[in-house]
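Got some structures for you, see below.
In the two complexes that follow, chain A is the common piece, with chain B as its partner first and chain C second.
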Partner chain A sequence: MSNWEILWSSRDVFLQGFYNTLQLFGISAVLAFLLGSVMVFLLEGSRPRLKIPLRIFIDGMRMLPFLILAYLLYYGLPSVGIRMSAWYAGLTALVLYHGAYFAEILRGCRTTFPLGQVEAATAQGFSLPTMFLRIIWPQLILKTRGLMGNQLIILLKDTAFLVIITVRELTAAANSLSSTYFIPMEAFIVVIGFYWLISIGLEQFIKLIGRYGAKRGFENA
Partner chain B sequence: MDSSAWGLLAYGAWTTAWISGISIAIGVLLGLIVALLRVARIPVVHQVLGTYISLARATPLVTLVLFIFLTAPTMGLDINRNVAGIIALTLNTTAFNAEIWRSAFNNFSPEQREAALAIGMTPWVYFRRIMLPQITITSLPGLVNEMSFLIKGSPAVAVIGVVDLARVTNRISAVTYEPLPPILAAAAMYMVMISLLVWLQRLAERKASRLAV
Partner chain C sequence: MPETAAVSIRKLSKSFDGTEVLRDVSLEVQPGEVVSILGSSGSGKSTLLRCINWLEHPDRGDIHIAGDRIGVSDSGKLMSRRELAGMRARLGMVFQGFNLWPHLSVMRNVTEAPIHVQGLSKAEADERAMALLEKVGMVDKREQYPYTLSGGQKQRVAIARALAMQPKVMLFDEPTSALDPELVGEVLGVIKDLSKEGYTMVLVTHEMEFARAVSDQVVFLDKGIIIEKSHPSEFFVNPKTERVRRFLELEALVV
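After this line comes the complex of A and B, so read on.
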C-alpha cells in the first residue's frame, strides 16, 4: 500500500479532525464577534463606567500569546477549583482572546464615525441600545470586514494551538496519523490543504460581504 | 515558586527571545528578497512565490512546526528542535514581511526612479541609496507589528519539545504541583516583551512620520 492509500483508508480520522476544527472555529468566531460587539456597546455613551476595566482586558489580551491563555484556562484554573474539559477550555480561550481583538477592531472603527450620526439618532428618539443595533453596528460590520477577515484567519490558525492542550482537532489528527504510520509528509500536506481551503473560503465570504456592502453604498469603506 | 523555578523561567524567556530574534532577523531580510523577486515579475518565480505566500499565511504555526520537524528526518535531514522551530517561524514571518515590503514598493513614487536614472545612477545605486532607506521607514511600523505577532506565535515551538517560556511552565508545575504561579509569571514576561516591542513601534512611527514627509 502506498502512503497515500494508507491516508485514504484512514480518512475518517482527518474528517473527524476537520469537523472538530470547523466546529471550534465556527462557534468561537460567532461568540467572539458577539463578545467584541458587546464590549464596544458597553464603551458607548457619554460616561461609560466600564471603560477602564475593558481597556485593561483588551490590551492585556493583545499582549498575551494565545497558548498562554489556553494554558491558564486548562492547567491553571483547576488549582482554583474551576475544571473544564480540554475542548471547553480551548473554546473559552478562543472566545475571550479573539473577542478582545474584535472589540479593538470595532472600537478603532467606531472612533472614526462622525458625531452627528449619534446626535441625529438621539434627536429622533432612538434609545441607546436601538441606536447601536440599528445604526452603529451594521456600519461597523460593513466597514471593518477586511480587518475582520484577517482576524478570522488568525482565529482559524490559533485553533491549531489547542493540539498542545490535547484537543482532537485537525493538526492532532495529522500528528497521530504520522506517528502511527510514519508518513509525516503526506499527512501534513493533507492537513495544510484543509487549512488552505478554509482560508480561501473565508476570503470569498469576505468578498461576498463586500459586494453586499457596495450595493448599500459602502464601496469606499 | 523558589529560585530554581525563576531560573527556569529566565531560561525559557531567553530561549523564546533568541529563537524569535533569529527568526525575525532572517525573516525581515528574506521578506525583502521575496518582495523584490515578486516585484520583478519573473514568470515562473512569481507564481511560485505567490503560492508560497498564500500557503504560508494560511498554515497555522503549530502545524508548520510539526510538519518540518517530522518531515525533515524522512528526507534524510538531521535537524534539531531549535533549528526546526527557527525554520518554521522564519517561513511564516517571511511571507507576512514580504507582503509588507511589497506594498511599500508598490506605493513608492516612480518619479524618483526616473530622476535618479536621469542623473546617471545605476539601478543598484538607486535602490540602495534612494529607495531602500525610504521604504524601510514606511515599512517599519508594519514590520514591528509582525514581530510582535511572531513572538505571540512563538509558543508553537513548544509542541516539538523546545523548552521556551510557554513550555517551561509545565516543567515547573511538574515539580511544584502548582501550575498557576508559573503560568502567570510567564504571561507577565510575555507582556513585558510585547510591550517593549509596542513601545519600539511607537518610537518607529514617530520617527517615520518625522522623516517620511
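After this line comes the complex of A and C, so read on.
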C-alpha cells in the first residue's frame, strides 16, 4: 500500500477532523464577531464605567499569545474549580481572543464614522441600540470587510493550536495519522488542502460582502 | 391669547470652550411661519438651529416646541435620549452635508425612521415615502443608492427623509451651501413649495434673494446676538442697523 492509499483508507479520521475544525471555526467566528460587535456598541455614548474594563479586556487579549490563553482556560482554570471539556475550552479561547480583535477592528472604523450620519439619526429620534444596529453596524461591516477577512483567516489557523489541549480537530487528525503510520509529509499536505478549502470558502464569503458594498458605493473600503 | 408658538426660544446662551457663540437669544416662530436666520459665518446661526433640536445643549435659557420644553424635563433634570426622541420627532432637520445613510436606498433612507422609530408597518411607511418622494421629485430614483445621486438630489431626499416623521417644524441648516451653483435652484424650489403648503420652517441660509422671497420673518445674528428681527420687506429695503446695511451691501456685491 502506498502512503496515499493509507491516507485514503483512513479518510474518516480526516473527515472527522475537518468537520470538527469547520464546526469550531464556524461557531467561534460567529460568536467572536458578535462579541466584538457588542463591545463596540457598549463603547458607544458615554459609559465611563464600561469603557475602562472593556479597554483593559481588549488590550489584555491583544497582548496575550493565543496559546497561553488556551492553556490557561484548559489547564489553569480547573485549579480554581472551573472545568471545561477541551472542546469548550478551545471554543471559549477562540471567542474571547478573536472577539477582542474584532472589537478593535470595528472600534477603529467607528472612530472615523461620519458624525453627520449619527446626528441625522439622533435628530430623527433613534435610540442608541437601533441607531447602532441599523445605521452604524452595517456600514462598519462593509468598511472593514478586508480586515475582518484577515482576522477570520487568523482565527481559522488558531484552531490548529487546539491540538495541544487535545481537541480532535484537523491538525490533531493529521498528527495522529502521521505518527501511527509515520507518513508526516503526506498527512500534513492533505491537511493543508483542507485548510485551503475553508480559506477559499471564506474568501468567497468576503467577496460577497464586497459586492453588496460596491453596489452601495463602498468599493474603496 | 395667540396660539402656542411652534418654537419659542427664550434668553438662550451657549459657549464653546469659553467663547460665547449665543447670548440671550430670544425668538418666536408661529405655526405656518417661515423664519430665516442670516448672519456672517461664525455668527452662531447654525448653533442656534442645532440648539432647537438639542443637538447642541444650551448653557442657559429655554426652548419650547409647540408648548413643551425640550432638553429639560418638568422636574428640572436633563431629558434622557428616549424623552428627547419624543420631542425631536416634532422637528425635522436638513443638514448642509445631506447626511444620507449610504448603505440604504433612497426609499429606505426615507422609511428608516418611520419604521424603526415610529413603529409604522413597512406598507404604511412605503406609502408615506412614495408621496414625499413624489413631492421632491425623486420617485424614479427610489431604488438607487445615495452615492449615485447629485448633491441636489441627495438634499431633496434628505428633505423627504425629514418630512417622513411628519414634524411640526422643519429646520434647515444651510441646505444649499454644499451644492454646485446650478443645483441650488432645485433644492430651493422644494423648500419654497413647502412654504406654500404652510409648513413651519426655520432656515439658516446665505441665499438672500430666497430668504427675501419665502420668509415671514428675518433674523440677523451678529456675534451671537440678534441685532435685527423684521419682515423681509423691511429688512432688505430699510435695515435699521449699520451692520446689516453693510452685510447686505457686501452680499449685493458678491451677487
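Keep in mind that, in the parts below, the second predicted complex is superposed on the first by the 219 of 221 C-alpha atoms of A that agree within 3 Å, B and C clash if a C-alpha of one lies under 4 Å from a C-alpha of the other, contacts with A are read in each partner's own complex, and residues count from 1 in each chain.
Here is the rule we go by: contacts are C-beta pairs under 8 Å (C-beta built on N, C-alpha and C of every residue); 3 or more make two chains touch, one makes a residue touch a chain.
Since this is a predicted model, take the numbers as computed values, not measurements.
Student: Could you say whether A:Arg134 touches chain B, chain C, both of them, or neither, answering first, second, both or neither?
Tutor: The answer is second: A:Arg134 touches chain C but not chain B.
Student: Taking the superposition on A as described, I'd like to know which of chain B and chain C A:Gln117 touches: first, second, both or neither.
Tutor: second
Student: Scan A:Phe102 for contacts with chain B and chain C and give back first, second, both or neither.
Tutor: Touch status of A:Phe102: no partner.
Student: Please tell me which partner, chain B or chain C, touches more residues of chain A.
Tutor: Looking at chain B versus chain C, the one contacting more residues of chain A is B.
Student: Looking at the overlay, what does A:Leu72 touch: chain B (first), chain C (second), both, or neither?
Tutor: Once the two structures are laid over each other on A, A:Leu72 reaches chain B alone.
Student: With the two structures laid over each other on chain A, which partner does A:Phe18 touch: chain B (first), chain C (second), both, or neither?
Tutor: neither
Student: Enumerate the contact residues on chain B facing chain A in the complex.
Tutor: 54-55, 57-64, 66-67, 70-71, 74-75, 151-156, 158-159, 166, 169-170, 173, 178-180, 183-184, 186-187, 190-191, 194-195, 198
Student: Given the complex with chain A, which residues does chain C contribute to the contact?
Tutor: 53, 55, 81-82, 84-86, 88-89, 91-93, 95, 97-103, 112-113, 116-117, 145-148, 158, 161-162, 165
Student: What does chain A use to touch chain B in their complex?
Tutor: Per the stated touch rule, the residues are 60, 62-68, 71-72, 75-80, 153, 156-161, 163-164, 170-171, 174-175, 178, 182, 184-185, 188, 191-192, 195-196, 198-200.
Student: Considering only the defined contacts, which chain A positions touch chain C in the complex?
Tutor: Of all residues in chain A, those touching chain C are 114, 116-117, 119-128, 130, 134-135, 138-139, 142, 215-218.
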